[in-house]
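Note that the chains take the letters A, B and C in the order they are written out, and that residue 1 is the start of every chain.
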Amino acid sequence: MTLLPSIKPLAIVNGQPWQKLPKDLYIPPEALAVCLEQFEGPLDLLLYLIRKHNLDILDIPVFSVTQQYLAYIHAMDTARVELAAEYLVMAAYLVEIKSRLLLPPSAEDPGSSGAEDDHNIDNDPRAELVARLLEYQQFQQAALHLDAQPHWQRDLLPVYVFLPPIPQQTQWLPVAAHELGSLWSALCERNRVNTQHIIQPERFSTQARMGQLLQRLRQQHNWLSFIQLLKACEGRAGVVVTFLALLELIKEGHVEAEHTTQTLAVRAHEPL
Amino acid sequence: MNPSEDETQQLIEAAIFSALEPVPSGQLMRLLSGADAETQLAHILNTLQQHYQGRGVELVQVASGWRFQVPASLAPALAPLYPEKPKRLSRVILETLAIIAYRQPITRAEIEALRGVAVSAEVIKNLLDRQWICSLGPKELPGRPMQYGTSDAFLNYFNLQTLADLPHWLQENENTEIPKLDH
Amino acid sequence: MNPSEDETQQLIEAAIFSALEPVPSGQLMRLLSGADAETQLAHILNTLQQHYQGRGVELVQVASGWRFQVPASLAPALAPLYPEKPKRLSRVILETLAIIAYRQPITRAEIEALRGVAVSAEVIKNLLDRQWICSLGPKELPGRPMQYGTSDAFLNYFNLQTLADLPHWLQENENTEIPKLDH
C-alpha cells in the first residue's frame, strides 16, 4: 500500500504523468528533481523508505536504510539536483548512528551505566531517530485526517437567504455642551465678520432679568407675588423671561418660592 | 441509478439555498433528468413552497428566478441583530440648538437671521421631539411667531445646572454683536 | 404581548438563515425574552436541528456559533452549478496546520524540528491570511520567537466546534515507549 497522500499525478516528467512512486532507488535522473519535491523533507523520505520495504519502524535496520538513503542522495547529487541542507544533515546523522552501532557497548558510556539487562531503546543509538520518525508519522496521519474532514465551501456549501431591509431605530452619538459652545462661538465670529450694521441689543435676556429680579427681591426683604414682578409693557415675552429668570434663581438657590392656589410668592434668601 | 424523489427535492432545496442570486428554473432543471423534468421541477418547487409556509424563510419566485427569503413580516424583529452605527446629529440641528440655548426666547425667523440660512420646520420639530426645546408662547409681533427656549431635559442631557453653565455664556450674551433681527 | 413559541422559532430560524457568519448563541438570545431564554433557545435549536435532518440544508454548531449549510453529502451533486472547484490544500499546509492544532502554542522553529525541514515564511503567512492561525505572543526565549495557535475560523472551516472535537489522531503518541524528543 502507498501511504503517501497523493491522488493526482505525482508529477509530470517529460510531459508524462507519474502515477506511482519509483519502484526502486535507481530513478532516471530527470525524475529526481520531481521526487525531491514530492518529499516533505528527510523524515518524509525515510518514512517512505521504511514503508516501501515494509520495515518495522521500532527496529529499523539502520544499515540497509542508510545505504538506501545515501544511494538516493548520491543519485540526486549526480543529477545535480540542489539538495536541501536537511537531507545532508540526515545523511550524516544516519552514518553516525550506523558507526555507533558498530561499537561494542562500553562501560564508560554514560547512557549504559545501569543494569546489564538494560537493553531498552533508551540506550539504542537509533532511539532519537525512531522517536522523531514516529512523531512525524503521527502528524502526517493527522494531516490526512484533517484533509478528510469536510471543508467549508468545498464540501459544505454556505447558505444565502435574502433579507428584506430592516427598519431601524437610529441611535445618535451623544453631544457635549462644549460642542454647542464652539458652534455658538463660530456663529458669532461668522456674524461679526459678515455683519454690516449694528443692531440694538435684544430686549429681554434671561441672564439680565435674573440680575434685576435678584436685586429687587433683596431690596424688598419680603414675599412678592409673581404678578408684582411683571411689567405690562413687556407683554407675554416679558412674562416668560421673568418666569424663566425666576426658575433659574430658584434652581440656583438665590430665591425661595411658595406656591399657593392663588399665586406664586417669592423672596430672596438672606445672603449669608 | 435514478435518485429518489426525496433526493431530488433535497438537491433543488440545496441549490436554491446555496446560490447567491435567485436561481432560474433552467439552472435547476440541469439537476434533474428524464423527459418530465419540467413537471418534476414544478412539483418539487410547489412542495417546497408549501413546506416553508409559516417558517423562518419562504421560497419565492422573483423575476430572475427562485430564492429563499426571510418573510418581510419577520424582518423588523431581527433588528437587534443588526444594530446600526450611531449617527452624528446634523450640523443644522446642533447649530439651531446652540442659537436657541444662547438666545432664548427666540423665534424661527430670528434663528434664520442668525444662521443666515433658512431653518426648516423639521429641524424645530426634531428638537421639540427630543424635548430639548419647548415653545415659550408667541412673540408680540405681527403674526405672533412662536418663541422657543431650552428645557430642563436639555440641561440634564448636557449635564448643566443652569444655562449660565454653557461655555462662553456670559461674554457672548452680555455684550453681543450678533445682529438682531428687525421685524 | 409575548410572541408564541412558533413565532420565536421562526425568528431564530430566520436569524441563522440570513446571517453570513455563524451566529453565537448569545446573539440569538437577544431575540428571546424571559428568564428561561437559555432553555428556550436550546429547545428551539434542538427542534430546528431535527426538523432539518434529511433535508437540503442542515443546522450545525461550529466554533463561533450556529449556521445552516448544505451537507457534504449533497455538494458533489451540485457540482454542475458550481464549476469552479476550490484547490486542494497542499501537504505542507495540512501538516503545518495539524502540528499547530495539536501542539499550540508553538513557534516556527518547533514546527521545523517536528517536520525535520524548514517551514517557509509563505506557509505561515498563508495560514495567517486564511485566519486559520493567529499569533499568540512571543515565547520567552532568546530572540523572542512568535508562537502560533489555531483560531475559531480554523474550527469553522473544518466543521468543528472545539479543539476537543479534533479526533484523537495523536493518542498513540502518549502510550509510546519511545522517549519524547527534547527540543
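The working rule: a contact is a pair of C-beta atoms (placed from the backbone, for glycine too) under 8 Å apart; a residue touches a chain by one contact, two chains touch by 3 or more.
This structure is a prediction, so every number in the text was calculated from the model and none was measured.
Engineer: I'd like the most central chain, judged by C-alpha centroids against the all-protein C-alpha centroid.
Structural biologist: Of the chains present, the most centrally placed is A.
Engineer: Tell me, please, which chain's centre (mean of its C-alpha atoms) is farthest from the centre of chain B?
Structural biologist: C
Engineer: Centroid of chain A to centroid of chain C, CA atoms only: how many Å?
Structural biologist: Averaging C-alpha atoms per chain gives centres 15 Å apart.
Engineer: Counting in whole Å, what is the centre-to-centre distance of chain A and chain B, each centre being its mean C-alpha position?
Structural biologist: Taking the mean C-alpha position of each chain, the two centres sit 32 Å apart.
Engineer: What's the distance between the Cα centroids of chain B and chain C, rounded to whole Å?
Structural biologist: 36
Engineer: Please output the residue numbers of chain A that touch at least 2 other chains, ranges allowed.
Structural biologist: If we look for residues of chain A contacting two or more partner chains, we find 157-159, 161-163.
Engineer: Hunt down the residues of chain C that sit against at least two other chains at once, touch-wise.
Structural biologist: Within chain C, the residues that touch at least two other chains are 14, 17-18, 57, 68, 70-71, 74, 78.
Engineer: Within the complex, which stretch of chain B touches chain C?
Structural biologist: So the residues of chain B in touch with chain C come to 3, 6, 9-19, 23, 27, 30-31, 54-57, 68, 70-71, 74, 77-78, 80-81.
Engineer: Going by the contact rule at the top, pick out the chain A residues touching chain B in the complex.
Structural biologist: 157-173, 175-185, 187-188, 190-192, 194-195, 197-202, 204-208, 235-237, 239-241, 244, 248, 251-252
Engineer: Tell me, which parts of chain C touch chain A in their complex?
Structural biologist: 14, 17-18, 20, 57, 67-72, 74-75, 78, 82, 85-86, 88-89, 91-92, 94-95, 97-99, 101-102, 114-118, 156-160, 167, 169-170, 172-173, 176-181
Engineer: Touching chain C in the complex: which residues of chain A?
Structural biologist: 5, 8, 40-44, 58, 84, 86, 90, 120-122, 127-128, 130-132, 134-136, 138-147, 149-159, 161-163
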